[in-house]
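Okay, so chain A shows up in both of these, paired with chain B first and chain C after.
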Partner chain A sequence: MGKHHLGEFEEIVMLTVAILHGQAYGVAIIEEMETRLKRSVSIGSLQTVLKRLEEKGYLESEMGEATKMRGGKRKRYFKVTNMGKEVLRQAKDQRLGLWNAIPDFV
Partner chain B sequence: MNPNTRPPQLPLRFFRFFCNPSMAEDIEGDLVERFELRAERKGVQKARWLLARDVLLLFRPGIIRSFKRTQKLNQYDMFKNYFKVAYRNLWRHKSHSAINISGLAIGVAATLLMLFYVKYETGYDRFHEHSENIYRVGLHGKMQDSEFHQVYTTSMLASEMQSVFPEVKSAVRLQKVGNITLQLVSDSVNVKNYLENNGYFTDPGIFDVFSLRLLLGKGKEPLAVTNQIVLSESMAIRYFGDDWRQQDILGQSLNTNLSGSPISIQIAGVVEDLPDQSHFHFDFFMSNENIPSSKSTNWWNNGYFTYILLEEGTDPQALEAKLPELYKKNLPARAFEDGNEWWSFLQPLTDIHLRSNITGELEPNGNITYVYIFLITASLILIMACVNFVNLTVARASNRFKEMGIRKVIGSRRPQLILQHLIESQVYCLIAVILAVGIVFLSLPYFESFAKISIDTAQLNPGMLLAGLLAFSLLIGSIAGIYPALYLTRLSPVRAVKGAVTESGKKNLFRNGLITFQFIISIGIITGSLIISQQLDYIQNKQLGFEKEGVLVLENAYLLNTSYETFKTELAKNPGVISSATSLSVPTRRFSNVQFKPQDRDRMVMDFLFADEDFLNTYKIQIKEGRYFSTQFGADSSSMIINQALAENLGWKNPIGKKIELFGDPDLAHTIVGVMENFHHKSLHHDMEPVAILPSFSPQSFGVQYISLRIKNESIKNTMQYVADTWSEFSDAPVSYFFLDEGYNNLYRKETQTKQVFGFFSGLTATIAIIGLLGLVAHTTQQRRKEIGIRKVLGASVTQLIGMLSKSFLLIVLTSFAIMTPIVWIMMDNWLNSFSYHIDIPVFTFLIAGALALSVSLLVIGFQSLRSVMINPAVTLRSE
Partner chain C sequence: MSTENNASPSPLFLRLFRWFCDPDIAEDLEGDLLERFEIRLEKKGLRKARWLFVKDVAQLFRPGLIRFFKESQKRNSLGMYKNYFKTARRNLLRQKMYSSIKIGGFAMGIAACLLIALYIADELSYDQHYEQKDRFYRLAQSYAFNGIENKQTWLPAPFARAVREDFPQVEAIGRARTLGQREIRVRRTGTLQNSIETGFTYGDSTLIDLFEMDLQLGAPASALRETSSMIISSEKADKYFPGENPVGQQLVLNGDEANPVTITGVFNPARGKSHFEFDFIISMSNVEFFRGEANAWGANNYQVYLRLHPDTDPDALQIEMHNLAVKYLLPFHKRIGNVNAEGFVETVQYELQPVTDIHLYTSDTRDPFQHGNVRFVWLFGAIAGLILLIAVVNFINLSTAKSANRAMEVGLRKAIGSRKYDLIIQFLIESVMFSLLSFALGIILTSLLLPYFNEMADKTLILPLSAWWFVPGLLFASVLIGIMAGMYPAFYLSSFKPIQVLKGSLSLGAKKSGLRGVLVVFQFTTSVALIIATLVVSRQMDFIMNTELGFDKEQVITLSGTNTLGDRVPTLKNELLNLSGVESVTASGYLPVSGTYRNDNLFWKDGRTKQDEGLGCQIWVGDHDYISTLGIVLVEGRDFSREMATDSAAIIINQQMVKDLGIVDPIGKKVTNDPDNQVVWTIVGVIEDFHFESLRGEISGLGLVLGNNTGIMSVKVSTEDVSASLASIKETWSRIAPEQPIAYDFLNDRFARMYDDVSRTGSIFTSFAIFAVFVACLGLFALSVFMVEQRNKEISIRLVLGASMNHILKSLGLNFLKPVFIALFIAIPVAWYVMRDWLSEFQYKIGLSWDIFVIAGMTAVGIAILTVSYQSLKAAVMKPVNGLRSE
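On to the complex of A and B.
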C-alpha cells in the first residue's frame, strides 16, 4: 500500500489531468486547478510533480503539434495510465472507507 | 505578435541554460502561454515579473539538468584511455621503463635527501619562542692594523644595554665554567667524581631570552644566588640514572672546587636539553654570582657571551647604530687613540649557525656556502634526471609516431595529444616519486649517520609531505614531459601514419647535446669531489711544522696542583713514554694573545704560549737558529723563542738577543734566545701566524693547562693505562685526554662531513648519467639491428661493428670532457684559494675522472653493442 501512496498535491494533479481528458498540458492544468480549487500553482512545482508521476508510471505524455501560439513551442499532453487510474481508485476507496467508518458526522 | 507583449528574453535565456533539454520545449511553451494569458488579464508589466518568478521557481532539482555528466562523458573515457595506453606502454617496454623510472627515482631521492639536509642546516635555533627577536652581541675591535670580530664581550654589556635601551626587553650573559670536577656523595661508600666541561655561569634572564623547559624544581631563582646548580636532563640521567625523576635529587649537594676553594653546591632544578639544532648546548648552569669577575665594572673584562631579546618590531640596525656610542662612553679615551676602534654588532640568533664564524664560537658552525653548494648540486641532479627522461622518451619516439598519426586521423587535436603525453610522463613520475620515497625511507638512517644530522620524521606533517610530493611529482612530470610531448605530436598525420619518419641528424644532435650536458655535469662533479677530498687529505697530512701522530694530550693539568715535575718523572719511568711537556695551550686549542712591545717596533697583539723545556722536543718542532730555553741556564726564566713568521713580521734579520716586552711593560722584557720553524696551531684556513713561546717557569707564567706526551706506537693501551694510574695517584679528578691528530681532525669536521656528502651525491650523478647512456645505447643499437645484420652478412667483423657503434658515443664523452675541464678548473681554483695552504690543481685528477668516465661508458656501450652484434643476422633480417 505504502508503495502506491499519493501525496495530496499529486492526487489533485492526477485528478485534474483526468478531468481534462486528453487536453491536459501544463498551462491547461494550472488554469483548471486555479478555477476549480482557487489555488495558485507555479509552473515549477507542477512540472516537478508531473515528472515524478510520469517516472512512477501513473502518467504518460506525448508531444503535440507545433502551433503559432506559445512562441511556436509544442505542448506536452499528459494522460493517466491504467496504473494511475488504479492508484486513484485505491485512494478514493481509502477515503471512502475512512468516511464510512465515522459514526455520525454532522 | 505585438512587440509589447513579447515575453522577456533574459529569464527565458536563463531557463534554457539550466533546464533539462528533454523538458525544455514544452515548459518554455507553458511559460510563454501563461505570460500571454497574464498579459491580457493583469497587464504586461506584471506578467513579465510573474514570468521571471516562475523561472526562478523552476530552478529546482528535477528540472535543472546535470551539468557534470553531460560535460564529462566524452573526456572521461579519453582520459581513461590515456592512462591505459600509458600503462600498456610501460609494461610493453619493461627495460626501457625500468631505466627511465629508476633514473628519475634516484634523482628525486637524491634531491629529497639533499633538501632534508639543507632544511636541517637552515633550521637552527628556531625552536626558541622569540627566535627572530633574539640577537647575540659580538665585539668588533681594531688595534693598530689588526681588526677582529669576537663573541666575547664585557660582563657589563648585558646590564648596560638593558638599562640604556628600552627596546632591549631582556638580556643575558653566559660564561663558560671551564673544566670542573663535581663530586657526588650518595653515601659514605659511594663517592663519584665527574669531570664537567660544558657548564655556564649565567643570569636568571636566560629563561626570559631563551625558551628553556623546566622539568623539575626552579630555574630562575637559583641562578640569582650562589652555590646552586641547574642541570640538563642528560646530566641528571648521567648522575642519577634513567629514573632520576623517582629520586629526590633536589637539594642534593655536589662537592667541587671553585677558584681554589672547596664548596658544596645544591641541585636546584632540571631543564630539558637543547635540541640538536642549537648553536650551543649545555650540561649545567650556575649563577654568575659565583664568580667575582661577573661584578667587575671593567669594560675590558671580555669573557662573556651576551644575548639580548628585543621588543617585537624593533629595528636591529637602528639599535646597532647606537652601540659605538656606548663604548665611547664607557671605555677610557686612550682606547680610541691611534685610530683604534671598539664597538658591538648584533647577530640574529638564527643566522649564527650558518653565517657566523668569528673568534670564540661556542661550537663549530655550519657554512652557508656549503648549503648553497648542496642546493645547486640537488638541482643539477634533478635536471640530469629530467634530461634522462627527455632523452629516453624522445629516443623511443619513432615507436609512437604511428599511434599519434592514427589518433590524429580519428580526430584528436594536438593539445589533446600533448595532454596525453604529459599524463604519461606524470604516471612515470608518480611511480618514480613513490620509489624515491621508498629509497629515502631506507637510506635515511645511513644518510643521517654520515651527514651527522638527525631528521625527526615524526615532526613532518604527513598531509603537507604528501601534498608536497604530489606537487613535486606534477612539477617534474611537466618539466620532463613537455619536450617529448611537443616533439611526438608535431608530425602531420599523413607522414606519421606512413611511418616515413627516419631519424635525422638534427634530432641526434639534440639528443647528443643533452647527453653531453649530462656527462659534463657528472664528470665535473666527480672531478670536483676528487679534488675536494685530495685537498682535505693534504690538509690532514700536511707537514704542520710538528709531528701530530703519537702525541697524547692530558687536559686539565692544573688539577695536579703544581706537582708537574714529579708527575713527569713518574711518567718517564714507563718505556712507552718518550717525553712529556707541560704547556698553557697546545696546537688545535686556542692560544692566548696579549699585547707585546718588541724592541724598536710598535706594540702588537700576537698568539703565544707558556711551555716547559721539553715542549719543542715532544712536538718535534725544529730550532732554526739559537737554542731552546732550558732550566740549565739560570737566566732563562726571562728568555723566549719566536717563530720565523714573527721574525719576518718584525723584519729582524738576526733576532737573537733582541728583547720583547710582555704587555708592553719594560719590567717584563724577555730576551729572544732562539728561532723555531713555523708550525700550524690553527686550521689551515689560516696562515702560519707569528707565535712566541715563553718559559712556563717564568714568574709571569699563566700556569699549566696541558701535559703532552710523545708515546711509542707499540703497546699504546698499556701506556695509557699507566698514564691513567699515575694520574689517579696525583688527583681525585678523572683523567681526560685526547690524541693530537684526532683533535686536529676535529678542526676539519665540517669539511670532512661535506666531503662525504658530496662524494655520495657525485656517485649518484654518475649513476644517473650511466643509466641515461645505457638507455640510449640500447635504443640506438636496437634501431640499427637490421643494418648490423646486413653488414654482418656482407662480411663485417664483430670488432668492426662494435667500433662503428661506439664511435659516436665516445665522441660524446670526449667532447663533454673537453668542455667540463676549464669550467671545473676555474671553480676549483677559486675554492682552493680560500685555503692558505692548498694543493695545485691536479691535472692528474682530471685525467682520472676522464678515464673513469670513458672506461665505464666503453663498458656500457661495448656490452650493449656486443649483444646486438652477436645476434644471428637471420633473426633480424627475417622480420617483415
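On to the complex of A and C.
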C-alpha cells in the first residue's frame, strides 16, 4: 500500500485527467476542478503535482498542435497510464473497504 | 471589450517567468498562463486579470519548476564541496607539523598586521574630528639666522592681532601659550593640600570656537573673556569639584593665593585625538608675561591657530603674510639696532599648516608638541606587510613541497573525471580554510599581545570588535589572503598529468625547487635587513644614552615646583645639605633636559651691539653650586664664588660661545645681551660644551649667571644608597612644606624621556624584527624536515656505504645555507642605504661600521644552521635500516 500511496490532491488531479479523457491540459484541468469541486487551484501547484505524477509513471503527456489562442503556444495533454489506472482503482477499493467496514453510518 | 490589442499581461512578469522557468516545460506553461489570462480578461476585466497573472507567475516560482535548481541537481556539486572540506580537514590533521607551521606562521603574520594596522589607524586619526578641518590652520614661521634655516611655531604676542587687522580672509584667530609638561600645583581655595597637574595652557577665548570644543558648562563665547578665568576638562572638574557645579569656583595655582583663577566653563575632553592636549585653559585677556609684551615683536612665545573663510587660498595668503614681517618686524629690528635687519626680515616666511597634518607631517617644524612621523607609519606598515608576506611564502613553499603527497590524489581525481577547474577550486577552498583558521588564531593572538604593544608604543589601542565593519572586513581579508596564498599551489598541483602520476614516474617537490629557492632567499633577505636595522637602532640608542654629555646626569635627584615654597627655599637647601649622602644642592629651573626653562637671547661682545649681528645664545640663571652639582667641567677661569661680591655681574660661558663670538683669551672680557649695551657681563670662567637640547640638535652658545631662579632643586647624592637618601629627602620636604606634595625625579630618567620616541621606535622595531625572523625560521625548519624526509633513502644508503656523520651534515646543511648567503648579499646594501637615511636625522650619531653587518650576517646564518641542524643531525644519526626496510 505504501508504495502506491496517492495524496488527496494527487488523486483528484488524476481523476480529473481521466474525466477529461484526452483533452486534459493545464487550464482545462483547473477549470474542470473549479467547476466540479469549487476549488481554486494555481497553475504552480497543479504543475508540480502533474510533474510528480509523471515521474512516478501514473501520467504521461504529449504536446498538442499550436493554435491561434494562447499566444500560439502548444498545449501539453496528459493521459492516465495503465499503472495510474491501477493505482486509482486501488485507492477506490481501499476507500470502499473502509466505508463498508463502518457499522452504522447516518 | 474594445481594447483587446492592449489586453496583454504585464511583459515584465512574462519575461521573469521565461527567465526562471525550466525550459522543458516553459512552452506549455506559458500557454496555460496566457489562456487563463484571456479567460479572466473576459470574466473579470483587465486589471484583475493582470493582477492574477502576476500571482500565477509568483506561484510558479517553486523548486521543481525552476531551471537553476534543476541544473545544480544534475551536477550535484554540493556533494563535491562537502568532499573538498573533508579532504582538507583530513590533510590538516594528518600532517600536524606542517599544518601548524602554516597556520601558526600565518596567524603571527596576521597578528602583526592587525597590531600595526591599529597603530596606523590611531596615528592617522589625529585632529580629524573638527567639522571645519579643511579651513583650520596653524601658523609657522621660518627664517634664516646666521645662515641657519629655522622653522618653528612660536610667534610674537601681537602677531595674531596684526593678522586679524590686515587679513579679512581670516574668519577666526586665536593664540595659545602652552606650558607643555610643566607641573603646576593646584588646590581649591580654602584648602591646603596641593596636587600636581600638567596639561596647562594659556589661551585666547577664540580657541573654544577654533578647536570646536564641546562646552558642557559655561558659555563658549564668553568663557575665556575675563582675566583669571579658566576652563577645565570634565575629568578635572570631577576631580576637584566632585558632585558640585564647578562654574564660579576658584582654584589656586602654584600657591599664588593672591590671584586665584575662577572656573567659567567645563569642556568634554573626549572628542578625538589631537596634537594639542590640554586639561586647563587659562584666559589670556589682559595678561602680559612681561611689561609691554602686547607690542613686543622680538619675543616668540605664542602658538597661533586660525580658521579661514571658505574659498580662501591658503597658499596665496601665506605669501601675502610676508608683508607682516616688513610692516612690524623690520621696524623692531631696526630699533634694536640689528645691522642686517633688512636681510633678516627678507628671510622670514610664514606658513599655514593644516591642523590635520600637524601630527604626522610637520617634523621639520619645531613646536612644543609630541609628534608622530609619517615615515614610521609607512615603515611599520611595510614591516607588517613583510611579515605577512613571509608567512604567505611559508604557505606556498610547504604546499608545493608536500605536493608529492597530493599528486596521487590529483591523478585519481582527474582519472575519474575531475576537471582542472574543479581541482583549483578544491585547493583554493583548502587554503581559504587554512586562512580562516589562521585569522581566528591571529585575532586571539592580537588580543593577547595588545596590552604589551600598547605599553611599548605608548598608546591605548583596542580591537574594534563591536564595529560593524570589523568582522566582515576580517572575513573578506582572510578569504582574499587565502586565495592569494593558495593561487600558486592550486595551479601547480592541479596541473599534474594523471598518467605520469599514476605510473609513479613523476618525482615531485624535491627537484622543482627553483621558485622555492627564490622565496627562501626573499624571506632571509627581509630577515637580515630587519636584523641590521634593529642593531643600528639599538646602537644609536646606546650611543645617545652613554655619550659624553658634558654633564653628569647620574645620581642627581630633581625636585620640581620649589618656586612655590617662596622664602622657604634657602631653608630647604640647607636642610638637604645637612643630610648624609647629599653631596651638593643647587636651585635653578634651567637644566640640560627638556621641559625645563630656556631663555633665548642675543649676545654681543661688549660695545659691539650696533656693529655686529647678535648671536643667539641661552642665558641661564643658577647659583654658586650649579656647576659642581651637575658635574659640568670648567676648562678655564673659575666657578662663581661667594667671596666675590662682583660676581653678580659675572658670567660663565661655554666653549661654543667663545668660538662663535670669536673671543680670544676670554677670562676678564665682557659680553652683553642688552641691545643698548647697558647690562654688561664679565666672563669669569669657560665651561666645556654640554648637550642641553636633544642630541638631534647642535650645541649653541650658553652663558650662566648668578640669580634667583628656584624652579627646580637638584640634589646630587653619593653613590652608596640612593633609596635611603631619597627617603630622607622626602622626609625633609614634608617637614618644610607639609602642604605640598613632593615631585621628584631622576635627572637620568628625565634625560631618557627626551628620547622616548627613539626608544619606542626601537623596541617596536625590534619586536617585529624578531617576529619576522621567527616566522621565516618556521618556514625553513619545515622545509628542512621535508628535505630530510625526501632524502631519507639516500642518506640511509650513504650511511650504509660508510659516510661519516660529518659528511651527511655537510651535504644537508649546504643545501640550506646557499639561499641564506645569497640573501646576505642582497640585504646588506639595502639595509645600509635605509639606515644611513635614518641616522641622518641625528646630529650626533654612530657610524655604520662593518661589524654591524658581520654580526647581522652571522646571526642570520647561525639561526639558519640551528634551525636546520636538528633535522640534519637526526638524519645523520638514524639507523639506516629504518630508511631502507620499507620497499
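FYI, the second predicted complex is superposed on the first by the 106 of 106 C-alpha atoms of A that agree within 3 Å, B and C clash if a C-alpha of one lies under 4 Å from a C-alpha of the other, contacts with A are read in each partner's own complex, and residues count from 1 in each chain.
Here, contacts are C-beta pairs under 8 Å (C-beta built on N, C-alpha and C of every residue); 3 or more make two chains touch, one makes a residue touch a chain.
All values derive from a computational prediction rather than experimental measurement.
Visitor: Counting only touches as set out at the top, which of chain B and chain C does A:25 meet: first, second, both, neither?
Guide: In the superposition, A:25 contacts both chain B and chain C.
Visitor: Looking at the overlay, does A:37 come into contact with chain B only (first), chain C only (second), both, or neither?
Guide: neither
Visitor: Does chain B (first) or chain C (second) touch A:96, or do both, or does neither?
Guide: In the superposition, A:96 touches no partner, neither chain B nor chain C.
Visitor: Which partner does A:47 contact after superposing on A: first (chain B), second (chain C), both, neither?
Guide: After superposition on chain A, A:47 lies in contact with both partners, chain B and chain C.
Visitor: Across the two complexes, find the residues of chain A that touch chain B and also touch chain C.
Guide: Common to the two interfaces on chain A: residues 25-27, 30-31, 42-45, 47-48, 51-52, 63, 69-71, 73-76.
Visitor: Show which residues of chain A lie in contact with chain B when the two form their complex.
Guide: For chain A paired with chain B, touching residues are 25-27, 30-31, 42-45, 47-48, 51-52, 63, 69-71, 73-76.
Visitor: Hey, which residues of chain C end up touching chain A in the complex?
Guide: 25, 27-36, 38-39, 55-56, 59-62, 64-65
Visitor: List the residues on chain B that touch chain A in their complex, please.
Guide: Within the complex, chain B touches chain A at residues 7, 23, 25-34, 36-37, 53-54, 57-60, 62-63.
Visitor: Show me the residue ranges of chain A that touch chain C in the complex, using the header's touch definition.
Guide: Residue list for chain A touching chain C: 25-27, 30-31, 42-45, 47-48, 51-52, 63, 69-71, 73-76.
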